[in-house]
Amino acid sequence: MVSETLIFLGQVLIFPGFLFIILLAFFAEWAVRKITGRIQNRLGPTYTGYMGILQPIADFIKLLRKEDITPTMADKIFFLIFPIMYFSLPLTAFSLIPMTEVQALTYFEGDLILLTFIFTIITAMVFLGGFSSGNIFSIVGGTRSATQLLGYEIPLVFTLLCPAIPAGSFSLTTIVEWQQNNSWIIWTQPLGFGIILTCMLAELELTPFDAPEAETEIVAGSITEFSGVKLALIRLGKNIKLVLASSLISALYLGGPEQLWILPPIMIFLIKVFVVLFLMVSLRAIFARFRIDQILAGMWKYLIPLAVTQFLLTKILWGW
Amino acid sequence: MGVVKTQFAFEALKSIFKKPSTEEYPHKRREPPKDFRGRPVWLIEKCVGCGLCARVCPVKAIKIIGRGKEVNVTYLLDRCIFCAQCAESCNIRAIAIVGEFEFAGYDKSKMSYIYDKKQLVEKEAEIAR
Amino acid sequence: MGMGLMSGSMIKVVIGPQHPALKEPERFIIEVEGEQVVQVTPRIGYVHRGIEKAMENRTYIQNLYLAERICGICSHAHTTCYVQAVEDLLSVEAPPRAKYIRTVIAELERIHSHLLWLGILAHEVGFDTFFMYVWRDREVIMDLLEEISGNRVNYAMNTIGGVRRDLDQEKISKILKGLEVIEEKAKKYIQMIQKEPTILKRTVGVGYLSSIDAVRYNAVGPLARASGVKRDVRKDDPYIAYDDISFNIVTRDEGDCFSRMMIRAEEILESINIVREALSKLPVGDISVKTRLVIPPSETVSRVEAPRGELIHYARSNGTDKPERYKIRAPTLANLKALCKMLTGIYLADVPVILAGIDPCFSCMDRMQIIDCEKKEKQSWTLDDLRRYAREWYQKH
């Protein structure tokens, strides 16, 4: 009994829990910076560690040592809560995603709904965080985040739920199980994959949907006023969110973790995650930023009808 | 529209495997071009101390004391803007421009160069003796 | 929250003096309702360096290097304008070869300035990959300029009565080789920006300036030409070697950010042709004439088409080796009023694009000038005026 609890604790805290995910997030940041650099014909991080692999960790430590300023105009309590929530919410969400085996750390009927909820809560946090700091750029950035949410939320929820129809369950674990018994959902719902990729770009506020933190317009959007430990947590939270989004896509559409030849499931899963990550980064690199009204118009004109179509098609194909 | 995007995406993907165009400056140094405007150097044995260089210098980086055989030139690197007007104005070509450009430092006192003709003459005389 | 900055639904967004969209300190107070701009108030003068006054205390030769440092990007345009003015005061003329070399440098500078601008615009619309590519290719020109003049910026090529360095055959062939690279890239970029959907979405119809407004607000350079006003000092009042060289003034009628972008991109190709023609026609002979350093009392105005538009220098000499009065009117100052006109009524997200659209160079622009909002009149103040004003202001408040 005691050893079981210890193993579970180890799973939550170390592998595949918090520590592993935080390290993965650092690695993902390095990969994103390196790939973006190479796409743009630059070097990317170079000096810290082999090919600059320790650079994100060095940045994190540097930020921890910086002065932590709370503006006088800021809402003190929320200004403190926002970074913590922004960092811990996606980290919590990871326990619902199957990584080392078909089963996630915790799973129950309807955990997909919880994931959807967490994604929305994060954006709501960004909005409130923007308002709490009292900076004009943050307020505009937060408003933009919330406005953008109105655009991508509906197609995102539709495409998150589409894989649930054939599997007949709202549990991520069941969906992964179903995919391994039948086929990857991307083969039957390629349109859904495209839509969820686009929506995740918007959720992660990557170009072309980075209007909420368009640096040439509103500096850093809702995180303009944060510094020191808070900024370090926010940046880490952002990276975790990035990994979370790619893991979710690879679990929902690319079959999740599976044993292949002698490679353990976690390896296969990580390969899938980084393929999705690479896709997102290269998409980011070849687009310019859309304006917020253009994002909304585009989402409502194209993405929502497409998502609804995908949903109806799946519903018809897999029976009422 | 689609064609351009694909073209660009293709070029972007190609760049991943290309060598980055960034110069790794402090680690790999490139030779400055032949006519690079770097630090001026006084060929003090030629100098007659006419003071023209000090007069044309836009930032007063040159101080000249004495004339003829007793000329003493002080060149202040920290003031210099490397326009090379001194070298151009010098009628007897006693100022040469060398292709150096890494002058950053912490000590201002190391940034003045003194060229003293009298000392040079004495030194030469000593060697001759 | 944000007290004093919010009243009702109106938000005052202060852009600058420090802001990522501005590469130099300058302030724009933008009143926004939702995402729409209602009013713009510029506040200039943050990079005022007292260059005009400093010029009065330096000799003509020393001023050459001060004029060069008015602006880093268009340093050759400023020195060309300066030496033109001084040569006019001296009534000497530079030898033809010097004029051609000046033209070559001026056009190379225009190419690199326009490429720089293209990159900045790409950055403003959030297209960082394109920005990196453009700036990577701009290095070709920067290296060429370093090769010719001995420095990447502040080329110091001009001197009173000519140029300081000659072009030999080796350098000429290097320039031609570099131009080929740039021409190929520029053509590719023009083809791309014409069709790239995300760039089009952010630039077409944004920041409209009609040709009537362009004339009324005294727009100069690519901004005026993008609104269909054929205004180019190189053709209107040919200086250096421009009257011997055949070239077109690129104009477009749309008057939006897209046309400003296209104008600059096409001007790159035009400049490449100018450099080629100038190099092929390069006359033999001296590159400079000896001049006196003391100038008899006289005054003059000199005009140059800088990459950003018409640049005007005014000089008055008083028989010594120093100018008595020097005045610079940089193109950005002329374009600022048109800019405020364009910024009204647009989306906040478009502000950086339009701001970048005029290719502002604030350090060029900032001279001592007061715009009195109450009296709606513009006047230049001396230091005494300013002191008096400060005294009165403090007595009142």
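As written, the chain order gives the labels A, B and C, with residue 1 at the start of each chain.
To be clear about the criterion, a residue touches a chain if its C-beta (ideal position, glycine included) is under 8 Å from a C-beta of that chain, and two chains touch if they have at least 3 such contacts.
In this text, all values refer to a predicted model and were calculated from it rather than measured experimentally.
Trainee: In terms of CA centres, which chain lies closest to the overall middle?
Mentor: Answer for the innermost chain: C.
Trainee: Looking at B-C and A-B, which pair shares more C-beta contacts?
Mentor: B-C
Trainee: Averaging only over C-alpha atoms, locate the centres of subunit A and subunit C and give their separation in whole Å.
Mentor: 44
Trainee: Using the average of all C-alpha atoms in each chain as its centre, how far is it in Å between subunit B and subunit C?
Mentor: Measuring from centre to centre gives 29 Å for this pair.
Trainee: Using mean CA coordinates as chain centres, what's the subunit A-subunit B distance in Å?
Mentor: Roughly 52 Å separates the two chain centres.
Trainee: Send over the residues of subunit B in touch with two or more other chains.
Mentor: Those would be 5, 8, 12, 21.
Trainee: Note the residues in subunit A that touch 2 or more other chains, in rising order.
Mentor: 39-42, 285-286
Trainee: Going by the contact rule already set, what residues in subunit C reach two or more other chains?
Mentor: 129-130, 133, 136, 196
Trainee: How about subunit C: which of its residues touch subunit B in the complex?
Mentor: 58-59, 61-66, 68-69, 129-130, 133, 136, 139, 146-151, 154, 156, 159, 164-165, 191-192, 195-197
Trainee: List the residues on subunit A that touch subunit B in their complex, please.
Mentor: Listed in rising order, the residues of subunit A that touch subunit B are 35, 37-43, 46, 282, 285-286.
Trainee: Which residues of subunit A touch subunit C once you look at their complex with the stated criterion?
Mentor: It comes out as residues 39-42, 73, 75, 131, 134-137, 139-140, 207-208, 210-211, 214-219, 285-294.
Trainee: Which part of subunit B faces subunit C closely enough to touch in the complex?
Mentor: 1, 3-5, 7-8, 11-12, 21, 32-33, 35-37, 55-59, 81-85, 88-89, 97
Trainee: Note which residues of subunit C are touching subunit A in the complex, please.
Mentor: 1-3, 5, 11-14, 19-21, 32, 35, 122-130, 132-133, 136, 196, 198-199, 201-202, 347-352
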